[in-house]
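Listed next: structures, encoded as structure tokens.
One chain, chain A, links the two complexes that follow: it is found with chain B in the first and with chain C in the second.
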Partner chain A sequence: MKWNKYTKLFQITLQNSIAYRVDFAMGILSGIIPLAVQILLWSNIYSVNQYDTIRGYSLPRILSYILVAIVISKIIQASVYPAIAQEIKSGTLSKYLAKPLDHQIYWLVSELGGKILFTIAAFILLVTVLFFTGLGISAITLLVGALVLVQALLISFFIYYLLALLSFWFLEVSQIFTAFGLISTFLSGGMIPIDFFPDFLQKLLVFLPFKYIIYFPITLFTTNLERNYVMTNLAFQFFWVILLFFAGRLMWFVGERRYSAFGG
Partner chain B sequence: MSLVIKRYYLLLKVFMKNCIIRDLEFRMNFVTNLLTDFVFNILKIFFIELIFLNTPEVAGFNKYQMIFIFGTSFIILSVYMTFVFFNHIRIPMAIQNGEFDFALVKPMSTVFLLSFRYFNIAGIGSGLFGIYLVGLSFYKLNMQFDILSVVLYLVLLISGFLVYYSLSLILYTFSFWTVKTGNFINVMVDMGEIMKYPVGLFPKSVQLILSFIVPLFMVASYPSAIFLGKLPTSFTIINLLVSLVFLSISISFIRYASKCYSSAGG
Partner chain C sequence: MMNIIKVENLTKTYRNYKKEKGMLGTLKNLFHREFFDTTSVNMVNFDIAEGEVIGFLGPNGAGKTTTLKMLSGILHPTLGTVSVMGYCPWERNNEFRRQISIVMGQKNQLWWDLPSNESFELNKAIYQIDNKSFTKILNDLVEILGVGDLLKVPVRTLSLGERMKMELIGSLLHDPKVIFLDEPTIGLDLVSQKKIQEFILEYNRMKKVTIVLTSHYMNDIDNLCKRLIVINKGSIIYDGSLEHTKRMFSKSKVFKITFAETVDVNAIEQLGEIISIKSPYEIELKVDNDHVVSTSNIMHQYYKILDISINDTPIEDVILETFNV
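Showing the complex of A and B:
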């Protein structure tokens, strides 16, 4: 049979993915538990107080916010920064210095390459979910949404690039990544919408890059925003992309001078 | 009996001393560890603050009652992180590369060695934060306490720790059979998350599971209930007994599992 080889391949990859059954089950469990706790928590708050909305959020809207937040934070999560830090620490960075390669662009491209398939899949999933939950989505939102997601990914990457370059000055930066990741997820609205924050913090966050990473993309997808609001936020987002891009180049320029190629 | 206890006490002291000396070599690492824990805990409390900006209560608990449970779980988790965590996460690796042999031939309890060899002094930070939170909610809730309830609270904290320890041991014992264990750590984190919330938040069926099969409520909710809602004194005794039974189940399980161990490489 012509198709035999493909069904065989399918079987093998399927078997591979469930070969480690206990770990596979644990992975599913640990994916469900935090979400379930969040859903129970919010359902309880709305039902006990008999609220229709809190700060403009109805129960279904906040739950869809949390679901979309999980997808988007997976999309924008930079993944190459430990490798960047490791290279600086171990001295293998030297290979870039001798070649006509731009370090920042090199890693940006490899980040995008590793992420593009997953991002497209997640994007399609996201749009399908929005479509079926009746929230709907217009063609123009879709286009703007794609642009917003790309910019969010860029901001996230450039921030982690800056953190990774801290390795020029500090020996061990992995804890800084963890601590920053926690703060960043929180401030960018990955756990709870920014509308729930105290007013002063909401005002402050307008001038920080965080809300443009998760909160802005989510609200774009899950609510009908005014045109002016979208344009202003897009501009802010673009501003942060440019600023962090040049900050990264400056830091590389300064850091490279401190580099002493340990062991390399 | 007292001789045995004294011997293990001495061993624990040597282990701790050894690890503290090692930690002192990497002071920066110690500071960043403390900092990460602090950030993690502070964000949890910040999350609670945000929730209670918008609702007077969650599952019958007001803000400081909730913070009381959070503080209690920080204390338990801190003891776990300080003494046990960095030991249990090494079990899968030790089994895969055959290092478990060395644990078997040492003239001491294998379970003790597997659980207390690596002491992590940075884990104390979140315990101190937990004590502060418990004290704060005591003050804010205007609670009265007597010696008896403090003693009962401490007894329940111990039984809570034993339960959490046993759950961790049972989970990591599975690594005798499974090669991949990357998600085990996430399950431990999730369990630490679940136990911070009031019993009433969960549906009845889940409550049954979390009371009898994976008794996470025993870890933080029951100790807190001494002060937040009265538990009968007899309950404390039962709780302690249950945790001891649970502990012996987990130890028998790992003993059974070590019989299936066939070393590696050589």
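Showing the complex of A and C:
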């Protein structure tokens, strides 16, 4: 695999992404509404019942969690999957097949190129938020955190890549994306911390990739995690990256045979 | 001459699902789907020698594009084998893909919102073309096609003819040995068609590349190909020289006449075979080549005519009658 094949593609998608800066800003702003709802909701729950902590979370802690969750969700949010699905459906996939390209790598590079500027911006925002909520962050945590975010982004991309390839079998996958997005955000701890889930669900989540997408990055940034715990979870994250990468390649191998190239 | 492309028993069958009209039909489909198989390419055999420019001619839906897609590796066949430069196309070996090119008249491959030169740079990276070769080939092609001042504008602002020229350039930068052209002049005006045809001819002369072309315009084939394969309903019904085919195809012409007043149809029938009568005033008439001039004279002398045109028999009709399909 010759990586320099894709550097021009990276540059093009990066340049194109600048055109979407307003979209991005709107996306961040739109996160404020759910945040406001959450702040009101949790403040009321805590004060009406006069709780100090729920499942170990104090009010400030849970609000920090939610704020950081919103920013991290924006960082790892996959974006090219609708285009992948659309190409298969409309027959425009054909143009790649006759070129010496790897479909999965091509789209991964497109995704990364399109996201890098915003990821950096959101990362800066994240660090600001952390200092703003009084949590602060050490240099080491920042570095490890960056690695964790990158792996989380890859996991998210590879999962959505798999879903997009379902277009080889199903005509309409947009509903699948929506449904999956909700489930995934929920199970990743993107709405409320995983600690609030029933025990059986928490046990199940150990075997699924979801908690490594949002929950692990958030807890890394907002709590003092033990080094061993971090190393183990980093390893599990890496395992999921590799597994989902190969699952995508297998899905492609099986799916593209079914491609009918309709539409001309 | 070495055979660079070998095709044996190539077959492609699609499975389609039946759907009845309306809500009831949609609901039924949720539970039980009936299907029917369509064979779009049926046991096709041919060989192509290196450097040939060969044309696939046939009506819409004949299987030309599907065949081309299998030759370029875009589609997997249901049955059969293909060898292009020794490779099996649908294995999609990178070495294979680096030496071929496909241009589809109905599908853009250049990035729509970007200037052509950005897409060309992208191809340069993908095909790993070195700077020197890239610059030389690009400059040569741009000069021949005369599109120098269009390189920096977004592709979406170009006219169809200009876009086609850019698509061609983009497909030739990596110096492919085998080029597949699927309906390259579709939708183009006559001038653009001619320019594209001239370019392809010249390119083949210079580079001795193998070109496989599909079209439903006799015009394309006429100007470009020495050998012609006629395909209809998935099967090859003729594979031979163009000259021979032209002699067969030129048996008659079609007169389209708009008369200024009602005419006696029986009288017209004496001159040729009536294809259609759209009203007492508009008649389509098939006339043998030998009688074209005399019929034209009769029309002008004895009838009041608003409009008259003399056309080649449409290719679909020719295939129908010549090959008794």
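We take it that the second predicted complex is superposed on the first by the 230 of 264 C-alpha atoms of A that agree within 3 Å, B and C clash if a C-alpha of one lies under 4 Å from a C-alpha of the other, contacts with A are read in each partner's own complex, and residues count from 1 in each chain.
To be clear about the criterion, contacts are C-beta pairs under 8 Å (C-beta built on N, C-alpha and C of every residue); 3 or more make two chains touch, one makes a residue touch a chain.
The structure displayed is predicted, hence computed values, not measured ones.
Q: Now for A:I183: first (chain B), second (chain C), both, or neither, which partner does it touch?
A: After superposing on A, A:I183 lies in contact with chain B but is clear of chain C.
Q: Pick one for A:I140: touches chain B only (first), chain C only (second), both, or neither.
A: In the superposition, A:I140 touches no partner, neither chain B nor chain C.
Q: Between chain B and chain C, whom does A:T92 touch in the aligned arrangement: first, second, both, or neither?
A: second
Q: If we overlay the two complexes on their shared chain A, which of chain B and chain C does A:A83 touch? Say first, second, both or neither.
A: It touches nothing on chain B or chain C.
Q: I'd like to know which partner A:S260 touches here: chain B for first, chain C for second, both or neither.
A: It touches chain C, and chain B stays clear.
Q: Which chain makes contact with more of the residues of chain A, chain B or else chain C?
A: Of chain B and chain C, B contacts more residues of chain A.
Q: Just to be sure I read the superposition right, which of the two partners does A:P198 touch: chain B = first, chain C = second, or both, or neither?
A: A:P198: touches chain B, not chain C.
Q: Determine, under the contact definition given at the top, whether A:K8 touches first (chain B), second (chain C), both, or neither.
A: second
Q: May I ask you to decide whether A:L101 touches chain B, chain C, both, or neither, giving the answer as first, second, both or neither?
A: Touch partner of A:L101: chain C, not chain B.
Q: What is the shared patch of chain A, the residues that chain B and chain C both contact?
A: No residue of chain A touches both chain B and chain C.
Q: Per the contact definition, I'd like the list of chain A residues that touch chain C in the complex.
A: 2, 4-9, 12, 16, 91-92, 94-95, 97-101, 257, 259-261, 263-264
Q: State the interface residues of chain B toward chain A in the complex, per the touch definition above.
A: 26, 28-29, 32-33, 35-36, 39-40, 43, 46-47, 50-51, 53-59, 174, 177-184, 186-187, 189-190, 193-194, 197, 201-203
Q: Mind pulling up the chain C residues that touch chain A in the complex?
A: Going through chain C, the ones touching chain A are 14, 65, 69, 72-76, 92, 94-95, 97-98, 100-102, 104, 106-107, 109, 111, 113-114, 118, 121-122, 124-128.
Q: Can you check the complex and tell me which residues of chain A touch chain B?
A: Those residues of chain A that touch chain B are 20-24, 26-27, 29-30, 33-34, 37, 40-41, 44-45, 48-49, 51, 54-55, 170-172, 175-176, 178-179, 182-183, 186, 191-192, 196-198.
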